[in-house]
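Heads up, there are several structures right after this.
Each of the next two complexes has chain A plus one more chain, namely chain B in the first and chain C in the second.
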Partner chain A sequence: MTKPFHKKLLEKIVEGILALSGSITSLAVLLIVIFLFKEGLGLFKRSPVAEGYVLAVNKNNPVNRIDSKVVKRIFDQEITNWKSITGKNDTIITFRLDNLNSYYSDEKIGANLENLSVCISSLVDSISGIIAFVPQKNITNDFKGKLVKPENVSAGEFFLGKEWYPTAEPSAQFGVLPLLLGTLWVSLGAILLSLPLGLAVAIYMAEVANPRIRNIFKPIIELLAGIPSVIYGFFGLVVIVPLIQSIFNLPVGETALAGSIILAIMALPTIITIAEDSIRTTPRSMKEASLALGASRWQTIYRIVIPYSISGITAAAILGIGRAVGETMAVLMVTGNAAVIPHSFLQPVRTIPATIAAELGESSQGGPHYQALFILGCILFILTLIINLTVEYISSRNKLAKR
Partner chain B sequence: MAKIETIDANLYYGDFHALKNISMKMELNTVTALIGPSGCGKSTYLRLFNRMNDLIDNVRITGQILVDDEDIYSKNINVDELRIKVGMVFQKPNPFPKSIFENVAYGLRVNGEKNKSFIEDTVVHSIKQAALWDEVSDKLNKSAFELSGGQQQRLCIARALAISPSVILMDEPASALDPLSTAKIEELIHELKKEYTIVIVTHNMQQASRVSDYTAFFYLGELVEYGQTVEIFTKPKLKHTENYITGRFG
Partner chain C sequence: MKRIVISIIALAFAINGQAQRIKGSDTMLPLSQKEAETFMKNNTTAKVTVTGGGSGVGIAALIEGTTDIAQASRPLKMDEKLKLQEAGVTYKEVVAAWDALAVVVNPSNPVSQLTRAQLEGIFTGKIKNWKEVGGEDLQIIVYSRETSSGTYEFFKTNVMNNKNFASNVLSMPATGAIIQSVSQTKGAIGYVGLAYVSRDVKALKVSYDGKTFIGPSLETAKNKTYPIIRRLYYYYNVKVESKVKAYFDFVLSAEGQKIVEQVGYVPL
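Moving on, here comes the complex of A and B:
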């Protein structure tokens, strides 16, 4: 007997809806990734000099292009002579609009800055070692100086640069290394703290605790996973940060260590739950065989149970790292956010997610800073992708090993 | 002197009375088969002798179990040492996810044996005793999972033998195996009888009659009849036993 037509139709419709929602979801994920990379990669076609501004030098100056890093060092007065950047032996004199009054009086410039362009032009013409950071609109056709182009932001500079000054003028610095290392550093600290503890709790709950105690512990630990991260941030800021400050006698307590501790607490539920599940998969017969051979309970745990569930434990650790790498709010609140390459756990650090959260609001849409933040997003995406693929690989290998 | 003696043993899983007033003796270097329908308590009884029931929550045991005239449930008994003396082979082959060699060496290692050559000798000797040597001598470092089910079970027997127990408990050791492997295990039991006291739980009547010297028939937690295997199988005293053995129920 065939099904009535309306039932068949209903089935078809449900099937269609399911297929549609599946494809829409995948498409959305794909679009987000494409959007992320499209926005981010535009950065490498851009000049790091603030939009609407140019750099000008005397027309006799042989230098035509300047690296953005060099621009910053010039304006920070770290480079003071043109000869150190392939120019003539001449002292560098930096000029910004703020300095205008030391060269020209207000009357000369004009009440409404109507003579500004002329002033800049003659200034650049008269001082041979000058480098001027001026608005594009004040460069007229009869400008007597020469414009120098800073190099575009290069990938090498981006990934290996040690300085992150995205709003620096005249030339922003997009060195992602401190942020990347900060993220990894805080995550490393977190995993070093949470793995031993999480593993201990997992073993306790799976092998040692009696069911009554386990039934109390388990929901509490799962509750930890449900607390919003900003609450963890509060807790860290109010309790852990002052504690670290007084214990280590530091000027500020907002350090990588504080971030690691908070992340460790946040990663614990993930680690405990996954590791415990994995430990529980050890067949009872395997444990009984070990005990029947005169092994004690502890010998059974570390010689049989842990080796048997090691891949699950590894997956737990890696997922814990994944949780730590991507965490934003709590870390933003307690790590101090100084974009320097960390050398100890007692220094402030700045992580990638915290950077994005803190800076996206103040960057102008479509500008280099904005794009740089998107590349940070890409890096974060790739990091978590690697982590997930590793977990996938480990658990698939595990299935093979256990037949 | 009885190797194992049970005096009025009772076992409760919570409120469930699983073993009722069991009393029996097992002689040195004999094979005793425990038979009975599923759920009759024969496996539970077997697991009394190496205190495997301790692992289950809510178990209460009364009465006395003596091994070598020592009450194994008294407070001053070291359970780990008891389990060295009373080895066990389980229903399904359960090798560890380690190499063949390490599986057999495991019992020695956990009991603190450090002497390498002693471990090596014992492992080889045990595998030979378990009639497995010819099949695995060239792959001792391969994973135990590469062996067939029957080989794995003999490996588990070798593993139990390696720590030189005096009693071996076997919980349906051949139920998961094909006839050929079963025959090998039975042959092995005959060999082992010379040196060990063996207690075997089995569902297979023919097997019980083939391998055992004594047979105990359990029903609903009670020991119904116990005697020489020949007697039990040819002229059982109770109708109940006869019905079970001949397959009229169970």
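Moving on, here comes the complex of A and C:
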């Protein structure tokens, strides 16, 4: 049987539109990912020293290269002698342009900074223990000091570094480990709290509750998903944080636990909806067979219903984690945002999304800090990709098992 | 009809000719907005638009020539001066007001004064317990602003001698959050603008010489005896001086300075 021509044409057009919108969506996703990685990976070719600046020492100083971490500790005056970093026994004197006036008067430097280069050069020449953080353009050919270069930001330093000081001058520290562990830690706590609760509610709604109660509960739970995350953040800061502080008698209430509790509440609707749907797919015949064999309702639930829908429940849990990993605003407000590696739930942590949200606005475009934040975005992307692939895998396995 | 259109366009251009763009520091945003509002009320032909974004953003815009006035909660950095010089921009600086930062603790804390060295120790993590500075045996919880804020930079250069904050410092996204947290945490310490100090927190007396301790208030900030104060700046290109002069005259007038006080900053 052939259809009339114009109907066929219409079908073709609709088909074309569907295919086009599909490919546009995939293209957009692809472009975003490429953009993310392109912006981020430039970081590993950069020096951690602020752009346009160099570090200079006296020409008689034997030190040629200084590790970026050491630079920070020198300028924080934690390292005070060249001896401790394979140099001579000489006190380290740090110099920034801000201190220039304690060495030279404004007249000497000149109103338009015309003598700046000469001043820097003679200063570096005259003080043997100096390390100066000065603009590159003031280093002229007749500069009497020696330039030292910190190593470029390496991948190892980035992923295993423990210090996150992206705006530290002269040498920024990009150690992402505390942020990554903080994110995973808060998410783990959230899932430990929300999974049992979410599962209990899902079973109750699917198996135990009568339709009237279910019709009241369901919209309320779905409403949870519609509340903006800033509201959760406020709630957390004003209610949960002081509560945790007084219950555990802590010095500070902004902890990973506060973040976990807020995220658990936010992940609940996802977990409940998906788990309930999957519990509902248990065939009526299986449940009836179980009941007919004399099993109680509870025995039926945990021997028949849960094993049957376990893959759906797992998917619910993983999607819940996904929700928790990417959440920004609520976490930013309640976890205290201290970039330290977490050892317990009763300690402040800083998460990746919170870091991006708090810092991207003020970082200079194209600079190392900006690029580091893009790599954080890549890490987040990879995390959620892994989560989605796991869900994919589990639900496909389930389909095979049921066949 | 045509005439109306032309006159509207002409009017738009006339207004545009008078329009002044101010961009920069978020700290100064409420001040500039209020000043501009009153200025425009008194001077109906003038039009001033104020946008935030941070001191760095404002100065970058001044270098690129996309703003007439840059507002900044800190003086120009050396590299910014160099960039302005490179771009061939001759600028002028106007100090519009002063801002004092108060170091605040929980009201139940018996400590009421600290020296600059003690503050540096606390914020760099070397002093960890209140008993080391004459208080109870209680862990010190340090609250700071996010690294992007100008207040953070100012505190770092002025109080901490350019040293970095300890890594376990809690950084909060806004001043309001610091007040909230300090008011509900017994061992807390933080820093906020003078305008934000309320009864929920206690402002500490501070000493830079180790002898005279002075508490933050409008008077001590005005007579510059309180040490943690900063100037709030406007920077503009001398090329647009004729255009922006009226605005600065207003800001520096008695009426303009009254607004400074209303917004919570310290008049000159």
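Going forward, the second predicted complex is superposed on the first by the 363 of 403 C-alpha atoms of A that agree within 3 Å, B and C clash if a C-alpha of one lies under 4 Å from a C-alpha of the other, contacts with A are read in each partner's own complex, and residues count from 1 in each chain.
The definition used in the following text is that a contact is a pair of C-beta atoms (placed from the backbone, for glycine too) under 8 Å apart; a residue touches a chain by one contact, two chains touch by 3 or more.
Remember, predicted model here, so these are calculated numbers, not experimental data.
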Quiz item: Does the chain A-based superposition show chain B and chain C clashing or fitting?
Solution: fit
Quiz item: Is A:I85 contacted by the first partner chain B, the second partner chain C, both or neither?
Solution: neither
Exercise. Would you sort A:K137 into first (chain B), second (chain C), both or neither based on which partner it touches?
Key: second
Practice problem: Have a look at where A:S290 lands relative to chain B and chain C in the superposition and call it first, second, both or neither. | Solution: first
Quiz item: Does chain B (first) or chain C (second) touch A:A338, or do both, or does neither?
Solution: second
Quiz item: Which touches a greater number of chain A residues, chain B or chain C?
Solution: C
Quiz item: With the two structures laid over each other on chain A, which partner does A:E163 touch: chain B (first), chain C (second), both, or neither?
Solution: second
Practice problem: In the overlay, answer first, second, both or neither for which of chain B and chain C A:L147 touches. | Solution: neither
Quiz item: At the CA centre of chain A, how far apart in angle are the CA centres of chain B and chain C, to the nearest 10 degrees?
Solution: 140
Quiz item: For A:V238, is the partner it touches chain B (first), chain C (second), both, or none of the two (neither)?
Solution: second
Quiz item: Shortest C-alpha to C-alpha distance from chain B to chain C once the two structures are superposed, in angstrom?
Solution: 52
Self-check item: Complex contacts: residues of chain A adjacent to chain C
Solution: 50, 52-53, 72, 75-77, 96-98, 112-113, 135, 137, 163-169, 178, 237-238, 241-242, 245, 251-254, 332-333, 336-340, 348, 350, 358-359, 361-364
Exercise. Please give the residue numbers of chain B that touch chain A in the complex, ascending.
Key: 50, 52, 55, 57, 80-81, 83-84, 87-88, 90, 92, 94-98, 106-107, 109-111, 145, 156, 159-160, 163
Quiz item: Which residues, counting only chain A, touch chain B once they are in their complex?
Solution: 210-211, 283, 285-286, 288-296, 299, 303-304, 307-308, 401-403
Quiz item: Mind pulling up the chain C residues that touch chain A in the complex?
Solution: 53-54, 56-57, 78-79, 81-82, 85, 124, 138-139, 141, 146-149, 157, 162-164, 167-173, 177, 180-181, 184-188
